[in-house]
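I have placed the structure first, in the form of structure tokens, so that the comments after it can refer back to it.
Chains here go by letter, A, B, C, D and E, matching the order in which they are written, and residues are numbered from 1 within each.
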Amino acid sequence: MQRLIDRMKELLADGTVVRVLGWKKGDLGYNPEPHFFNSAEELDDFIYDGFCGANLSKYMIKGSNLEGKTLILLKPCDTYSFNQLLKEHRVLRDKVYIIGVGCKGKLDIEKIKAQGIKGITSVKGAEISGKCDELTVETVYGEKKVAYKDAMLERCHVCKGKEHKIYDELLLDSTDTCDGDRFTDVDIIEGLTPEEKFEYFRKELSKCIRCNACRNVCPACSCRKCVFDSNKFDSEQKANVDPFEESMFHIIRAFHVAGRCTDCGECSRVCPQGIPLHLFNRKFIKDINEYYGEYIAGEDAETKGPLTDYTLVDLEPGERR
Amino acid sequence: MKKFLKSELTALLNAISEKERVYLPVSNAGQTNYDIYNENSKVDLDTLKTVKSAKEVFFPQSETLYTVTKVDKKIKITQEELEKEEFVLFGVRGCDVKGIEVLDKVFLSEPVDSFYKARREHGVIVSFACNEPEESCFCKAFGIDCAEPEGDVTIYDCGEYYFWNAKTEKGEALTEKLASFLSDADEAPVKEKQQEIRKITGLLPYMNISLDSWHGEATSEKFDSPVWADIYKPCIGCGTCTFICPTCQCYDLKDYETKNGIQRYRCWDSCMYSDFTMMAHGNNRTSQMQRFRQRFMHKLVYFPANNDGMYSCVGCGRCVDKCPASTNIIKVIKAFEKEEGVK
Amino acid sequence: MNGIGVFVCHCGSNIAATVDVKKVVEMAKLEPGVVHAEEYQYMCSEAGQERIAKAIREKNLSGVVVCSCSPRMHETTFRKCAEKAGLNPYMVEIANLREQCSWVHKDINEGTEKAVILTRAAIAKVSLNTSLVAGESGVTKRALVIGGGIAGIQTALDIADAGYEVDIVEKTPSIGGKMAQLDKTFPTLDCSACILTPKMVDAAAHEKINIYSYSEVEKVSGFVGDFTVDIRKKARYVDMNKCTGCGACMEKCPSKKALSEFNSGLNNRPAIYTPFAQAIPNVPVIDPSQCLKLKNDKCGLCARVCQAGAIDYKQEDEIVTRKYGAIVVATGFEVIKLDNYDEYAYSQSKDVITSLELERIMNAAGPTKGHLERLSDGKAPKNIVFIQCVGSRCADNKGKSYCSKICCMYTAKHAILIRDKYPDVNVTVFYIDVRTPGKNFDEFYRRAVEEYGVNYVKGQVGKVTPEPNGKLTVHGVDLLDNKQLKVEADMVVLAAAIEPSPEVRNIATMLTASIDTNNFITEAHPKLRPVESPTAGVFLSGVCQGPKDIPETVSQAGAAAVKVIGLLAKDKLLTNPCTAKADELLCNGCSACANVCPYGAISYEDKLINDHGIRKTHRVAVVNSALCQGCGACTVACPSGVMDLQGFSNRQIIAEVDAICR
Amino acid sequence: MSSTNSKTAAAKIAEISGTNPLKCMKCGKCSASCPAFEKMDIKPHQFVSYVVNEDIEALAKCESLWYCLSCFACVERCPRDVKPGKIVDAARQTVVRQKGGNYLSANEIPALIDDDVPQQLLVSAFRKFRR
Amino acid sequence: MSINQEFKPKIVAFCCNWCSYAGADLAGGSRLSYPADVKIIRVPCSCRVNPMFILRAFERGADGVIICGCHPGDCHYSTGNYYARRRMTLLFSMLDYLGIERERTRVEWVSAAEGVKFSTTMNEFVSAVRELGPNRRLGDLRCKD
């Protein structure tokens, strides 16, 4: 990580960039936050470890409006989001210098806590330079050990690969973390009866508190004003007054990001109620792949998205292939 | 002091719920939130913090206030009925009990909110001492003792027994109703447990955070600080912190046209939202920095200024746990500490 | 908002019989915003319109709902009426109580209930309507005619005579079409070529007409008044400017195996050829699939004999892009393939032929030089049987559901011509019905029976079997005698159904003109607008719209020409004001809308936006309303609902949904 | 037979045959195609008229029913998809059903089969007699 | 099977102006009947139909929603129905995924000449929705009777 910090300081010093968009150390060992570092001194608080799951690409919408060039750190999966934002003219390529950083799988503190670990004061073993096998969690109730894999975010188990799709330079090594198929869960749900499906999603969605965290964190939800905040459409919603509104919100959100979602998994990561929101997006990704051919949003910044494209022989609605 | 066997809990809950609604932490699809008890409920008193706080029992996320119907071309208004049945709110932690006290300041002072008032009058609060406080907890900073929470009744979890301590008239009345389950008990195990809890409390990183510089008179000094411009940046403008907060009380009024008239309802709103307090001329606060500042200024400065020094934060730490960008009130306080320390 | 007026039309009893119009009026009055409601016998009548105008003036209405027939029928009528009374025409909405309510349902309660709901939806919509003003667009004073048959030639001549430039695009090497292949025409029996070729010459000589022969339309974009068309001029391998039309090349060409298209494949033609002697342009083309030089670089004889040096083996297809104000489709027809009717032995015997083939046999320039003879052995036939309705009027999926219209008459023509020239030949015609509506048509048919002794038998033929002796047995029935017949014939002529040219589907797609299940192009209105397609600026001439004989085709061609002239005579056209519009305050500039716009009407600008006092420069979408046709694809592509369609706005449609579901 | 009965009988024929007699345009291709035309008292193209006119009684009594070879040439060639052969078939079925019982049982058949009997005859015989 | 004959489903039909709306007019003109439960909303093109509209209809108590447009290749705007086809394919597959019966939503291509198809389509669709019974899964409870 020191290599990374040195390089960032170098780029700040030679004027290539005027600020760094990275992660700032937290105070509990697992809670770093996205941060704009404006000087080399500030970088003393910089961190890049297993808990830096947050996808920084969306912050570049803001970053693109700032004076001068911003250095942004992108993990392999974040580069897809960045490309997609670039395609939609939401970020400006010439306002950014991209260091693609390696990734050994990102951690989910909820998964650690779900193992009954409470009162955490620090976590060791999450360093990017380390081997990333085991975490040592210090708590007020004693020390606990957790296998790194068991604490990894769901998305890292079905990682799209550790290749950066856009960058100016690359730093730090990655480890392959993929050990599952990302459509398994979608398949399982597709196999349920309509009653079971309804029951499953009703239960999950009933937890939704309409906090909009999923939307606001989503790099594809980059609208200046969301339809659900706007009165233009008579579609404004603020609370889950009725179960329908939760379904409506999540269907429409999934639909709006269909063909644009890079499956970065941020929606599920941030949901305070642990709703597996990525399942909606994955469903669409799976359908699009099956119906219209393999398509990975954000693989590049040019290809037309599947919903703004067509072929003469597309599947009819309701037909299955 | 009374006590009952932990194994008797279900029977006790069944007994209450025969006559009255019981709200308590229930696990649903992997998350624990307050819900109405029934025999199939997966009661979860072990999870320290429900995702949403207990405030929604008195101040639901959305509720209809009145309905407007049209009879020919005339308009008729029907007010929604107020709460008139007794209910029990069971298993509330100390911070959430305090949160209700904060809400009382808002809704029970003039003009009184009749919907809230009716619910408060009909609800009995059974609180729960925290055996295992967590790293994000900082109730102590607000003078809350999680080993000895307020409430009509307080329950302490000690070994195979729940100890039961009625503290108010309402609590006594409930105790009487449940007399068959409760036996007299010695305070000693409770005291012992409380010692244990307080020891842990001392070890937790946030519990002793200082609020000295935060008070009703700090308005201009804090408002104009350059710190805000830096610390707000990670904020993504979602409403997670507000909606899980036990004290946030802002709401919006909206209309919904149903087949049988137009319902006017209120629903929680978040000062973090870009369309909060949207008016014809636009928004009061035009940047996320201003919105971010508003939330913490309100919790730690404006509210105490108007409520005899009472903060509208109770240190439950939910926002610390749940913020998507890992920014929170603790980070704000610490940032100011650093800035002011530098000065 | 001053208030909405609701006008419920009885349409005589068309609506009133199934919808309680008084109830509709009563219910409409209860809707919010409605200040006036009335019913009347015929709202579209002058008196009806006057009622609407009066209410608009007197009650100062801000919106009008007319509950009447389909908006496709009278929306324009009522809009004009509103405009005259001082209301913006786009403040009028129609509740379709006739085509979509009273005519569909029988029960008056059901009908009335639905009518009330439809009216409610229209009221909900109109209360959100905004005044719209039509824009203007220019007119390119040039017309394109696709197809160079009699329909296309006549349309082109009529347009050109009015002083406008016309281009004809013909896919074959010569104009002339099917009529050029005909021997004689009914009922006058004049020589087809004698009346057609002067018209072909006129077209070629006309200074306003430009013929793209051996060419096809490749791409069409734009809209009424301003179409841009790519025309592919297929390589002829002969320089049009140098060729003198001497024909030496055709004579010398050693490759003579190709079947002559013009002679319906009954004889051969060389690889370098003009379809027929009177071809226009009289410049041959080289068929690359037959030419030895082009196929394997041998031969080259034609280049050597051509004194003008017109042969150019290196010629390539050329794309010409031109602008047009109007497009006429005159793509004509083909005879259907007879694969599904093998019971008539068309594929088994050379002596079973189609009527079009008979035309060529009868023609002096045809494969038999006009002698009636069997193609199998060249002998003169003694007995000829005609079978009508082969592939027409079929309800199964083998043939066409429609009547091909021309067969009865040309069969009578053939029968008369044969009996006239060869009185010893017996002619039997098996028919289902003989249809002769047309001037002098029935008289013509009767002459075949009465003067020429043609034997007409009512009853469809079951099958034709070729016999070992070279004859054909026709297994028929005489329904009037209730007898089965076995007729021995030397030749059987099938009146095969006609169908639109196969290219029409592709052309219709390019023009966004709709076609029916039989591939005929749909007219804008079956009765009132028979020569226009629903797509503005696209007109129909000839059989592409439906089966027609020559005089009908010529009249339709003229009518289409008049419509084109009417359009080209205008300097400006009013454009549809129901176009898309972006709210630049909230636009993300993400390009989703531009990606789906079929007209390239959306571009992006960096604009200084004032959001309640905060000024920022944003990349925002800008719609060119002259190009936008109002499909609305962009409105759905836009994730933030910023792009909206005027006249069909999100709020308006949602209001309709709400009103219907209430 | 009362008029309601003949109505239901006609409807029954239409239902069993799966055809719509009203689609017939009286072209006669069925009769032209029919190999048993000469023997028939009611000709194939007339079948539909009997159904349309609800004169099922006459149809049931006619000889044509039993002369029809079920070769289905008419069905194959009918341009209107009316399938006169199916109408005859349906009429036969109603008659056979009324008589009750089968003329042949499955077990009796093998013994009766001549080696020279063409397959088609066998099938049509079944169609005709075994209901 | 007991189908509640009393159940009168609410059916919203979005019809494109150029083909299906004209097809519906032709059905009327040809006096071909279909249930009065069907109410048509005219849109310029099937591509104008926002998934929001469909959900809105269900929210407000519709039991079925059908979208009719020109046949693929015949769109008045050349390509509108191709986009509609993809959008609706995905939307329907999401509804299905959430347990909303697929039979409640449908896309049909009906040309201006297909009055018969319009009427048979509507008859079929309405009876399919009738068989399913009222829409209880997707809809706002506040909008129920």
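We adopt the following convention: a contact is a pair of C-beta atoms (placed from the backbone, for glycine too) under 8 Å apart; a residue touches a chain by one contact, two chains touch by 3 or more.
Bear in mind the structure is a predicted one, so any value in this text is a computation, not a measurement.
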| item | value |
| --- | --- |
| Fewest touching-chain hops separating chain A from chain D | 2 |
| Touching chain D and also chain E, the following chains | C |
| Contact-linked chain groups that survive once chain A is dropped from view | one piece |
| Most widely separated chain from chain D, with each centre as the mean of CA atoms | B |
| Chain nearest the overall Cα centroid | E |
| Chain A-chain B separation of Cα centroids, rounded to whole Å | 30 |
| Length of the line joining the C-alpha centres of chain A and chain E, rounded to whole Å | 37 |
| For chain B paired with chain C, centre-to-centre distance based on mean C-alpha positions, whole Å | 71 |
| Between chain D and chain B, distance of the C-alpha-averaged centres to the nearest whole Å | 83 |
| Chain A residues counted as touching two or more neighbouring chains | 225, 227, 233, 235, 241, 307-309 |
| Overlap residues in chain B, where contacts from two or more other chains coincide | 256, 259 |
| Sequence positions of chain D contacting 2 or more other chains | none |
| Pairs of chains found to touch, sorted by chain label | A-B, A-C, A-E, B-C, B-E, C-D, C-E |
| Residue ranges of chain E touching chain C (in the complex, touch as defined) | 10, 12, 17-19, 21-22, 24-29, 31-34, 36, 39-45, 47-53, 56-57, 60-62, 70, 73-80, 83, 87, 111-114, 119, 143 |
| Touching residues on chain C, where the partner in the complex is chain A | 583, 586-592, 595-596, 604, 616, 618-619, 637, 639-642, 644, 650-651, 654 |
| Contact set on chain B toward chain E in their complex | 256, 258-260, 263 |
| Of all residues in chain E, those that touch chain A in their complex | 51-52, 55, 58-59, 72-73, 79, 82-83, 85-102, 105-107, 137-142 |
| Chain A partner contacts - residues on chain B that touch it in the complex | 28-31, 33, 48, 51-52, 61-62, 132-136, 200, 203-205, 233-234, 236-240, 242-244, 252, 254, 256, 265, 267-270, 273-275, 320, 322, 324-327, 330-331, 334 |
